[in-house]
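Just so it is clear, A, B and C label the chains in written order, and each chain counts residues from 1 on its own.
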Amino acid sequence: MQVVALLTDFGTEDGFIGAVKGVISSINPSVQFIDITHSIKSFDIFEGALILNATYRYFPKGTIFFSVVDPGVGTERNPIAVQTKDYFFVAPDNGILSIALKNEKILKIVKINSKDLLPERDTETFHGRDIFAPAVGYISRGCPLELIGEELNDYIRIDFPEPEVTNSYLIGEIIKFDKFGNGITNIKELPPFDEIEINGIKIKKVVKGFLEGDKGSINLIKGSFGFYEVFSPKESAEQKFNLKKGDKIKIKLKR
Amino acid sequence: MQVVALLTDFGTEDGFIGAVKGVISSINPSVQFIDITHSIKSFDIFEGALILNATYRYFPKGTIFFSVVDPGVGTERNPIAVQTKDYFFVAPDNGILSIALKNEKILKIVKINSKDLLPERDTETFHGRDIFAPAVGYISRGCPLELIGEELNDYIRIDFPEPEVTNSYLIGEIIKFDKFGNGITNIKELPPFDEIEINGIKIKKVVKGFLEGDKGSINLIKGSFGFYEVFSPKESAEQKFNLKKGDKIKIKLKR
Amino acid sequence: MQVVALLTDFGTEDGFIGAVKGVISSINPSVQFIDITHSIKSFDIFEGALILNATYRYFPKGTIFFSVVDPGVGTERNPIAVQTKDYFFVAPDNGILSIALKNEKILKIVKINSKDLLPERDTETFHGRDIFAPAVGYISRGCPLELIGEELNDYIRIDFPEPEVTNSYLIGEIIKFDKFGNGITNIKELPPFDEIEINGIKIKKVVKGFLEGDKGSINLIKGSFGFYEVFSPKESAEQKFNLKKGDKIKIKLKR
């Protein structure tokens, strides 16, 4: 079955995502819906981009990603559909795709504006339902991107906060907490180091499994988002050590 | 695939909705489940009716709606199945269908009571699993409503709080907040007006897109529920202006 | 369609369960996913075992249960797959299956360790995605358990808190609250009794339907988890009577 994977900040309480899926299955009754998450913080494009990037590569080839965190709904920002070598992405052109697309071979980008495919609407508040869902529906039926809208040359990027490198330090930061209170940093590879600290607290251990960490301390592990994470075994490091998004992790380089 | 759309106040933490889907797919292994929401406030029939009405028309023809907010579970209230020109609705007869059904051409209503189709049970606490789910399962396999139970002539309605009209004012109210803190009112059409206010605060702008609204002020927009919504761009109007359900919106008519 | 039912403590905000489903549908594109819950309290194996047991029997024969609450991820605990007469269970061997398996006829247990089927990985933090999901994918395609890994003789059990029996009393306790604030106890059958109390408060009525209960009082009902539940009609008994997990319910036996 054709998989449609969905990532939004719509929440699950108001039925928004139900309406989106209804529209898609009205166009194509045999898609497989897989929810990535609908709990992105309202309007938080960066978090959406981060989680899309952490998950999309685990989906079957040909998956269509409905990726809608859209603070600019109803404005000039373009609704776009992107075809890469392996996937399709449908989203507002506001950067939400930009972390994932960095790894992908892009074949085509279009602005979704075909008058033939989009329903008439009397409100500009819900493009998820009225623009992005029909686009996903038609793409899932094999409709070529040329018919979805006019071609674009490029897409909007957002800044990913890269770690800072000095003579003696690599300085990263916490970019997100997960459900378990682990703090995901922006550090992908760990250089040889003398010492690591966060908020003046020394990192006890760098480990491969959570339970190898020192209990009641902050430890470091390569996590499932593809980044190093600070954690405390079987408890929330976020709460225990009062960590915040943006907190710096300082890695003193080995000399 | 046959779509079964589900709207309940069961929450997602206790596995209730999993058991319901298990029962349905035991009867019919090839349905497509689409969750509308399971986060209706416990026992809030009105909110359930509102969200069902806002979403059902976006689903494919033939969709079966499992709509269960059921404070009277285990009492005399009837479990019913309703066939309309385009859809099926399965629900307790407590008004939850009544806003949606106002728009639909009803073909048949039955009380779900076939002894042949319902499992024996030793508890009356979970009709969602033990009565409504089997009914949905058999309807999804094409079982005619006649076999589900005996015909009824009518169904229960709940009062929708219609706006009040005076000589000089149209007075509506907030009936629900969505996830973004937008306040959905009961006003469907806006008459020519001189001024609009809510809780003594003047509505700044009536707009077509959220970002056209005046930042930090209360604005008005025709929203995706089919009603006008009060909002503040990129923030929660509910929190910012301390709005409450039931707050009156006063529209001074143009003279 | 082959049903895969999922129960975890992964939450729904980080996309973890999306990645799991992506991996499974990459291996088998035609499974039907049904979420039981992903809101088990982090690391709470007992609650996971309880909800799995309350729901699994409502699923079609042949359903594969992805049951992952896994505080020991990355340690020596075995990842296992269990085939029973009617179902398959895939889980860490930490007791999460043990309440459900007590009712099932076990045909085979294996440790999931086939090098051929599992992807290489650079982190041991997400066995849900990297070990359990591939196992489910291959089992769903009919791969025999022999190929998933080596056979085991037994599985880990957790203690279920059985009610205490004295000369004059049966003493149970609250083991979980549901979304409605009903307190699920560990009592399955009610002996002939003179009186029942909880925290010094007398149980007013033992009823078959919630609304037969005495309003504003604590009542008792055989609930959908298969256990007796304390409740107060149309309100949260948990909040109203400040009940807690572990609170004792004392049933004075009839003499």
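By definition in this document, a residue touches a chain if its C-beta (ideal position, glycine included) is under 8 Å from a C-beta of that chain, and two chains touch if they have at least 3 such contacts.
This is a predicted model, so every value here is computed, not measured.
Visitor: To the nearest 5 degrees, please report the angle of the rotation taking subunit A's Cα atoms onto subunit B.
Guide: The C-alpha superposition of subunit A onto subunit B needs 120 degrees.
Visitor: Over half shared or under half: which fits the residue numbers at the contact of copies subunit B and subunit C, same or different?
Guide: different
Visitor: Distance-wise, how many Å sit between the C-alpha centres of subunit B and subunit C, to the nearest whole number?
Guide: 30
Visitor: Would you mind listing the residues of subunit A that make contact with two or more other chains?
Guide: Correct list: 12.
Visitor: Under the touch definition given earlier, write down the residues of subunit C that touch subunit B in their complex.
Guide: Answer in residue numbers: 1, 3, 5, 7, 12, 32, 34-40, 51-52, 54-56, 58-60, 63, 178-180, 208-212, 221-224, 229, 234, 236.
Visitor: With touch defined as at the start, can you tell me which subunit B residues reach subunit C in the complex?
Guide: 10-19, 21-23, 25-26, 29-30, 33, 42-43, 71-75, 122-126, 129
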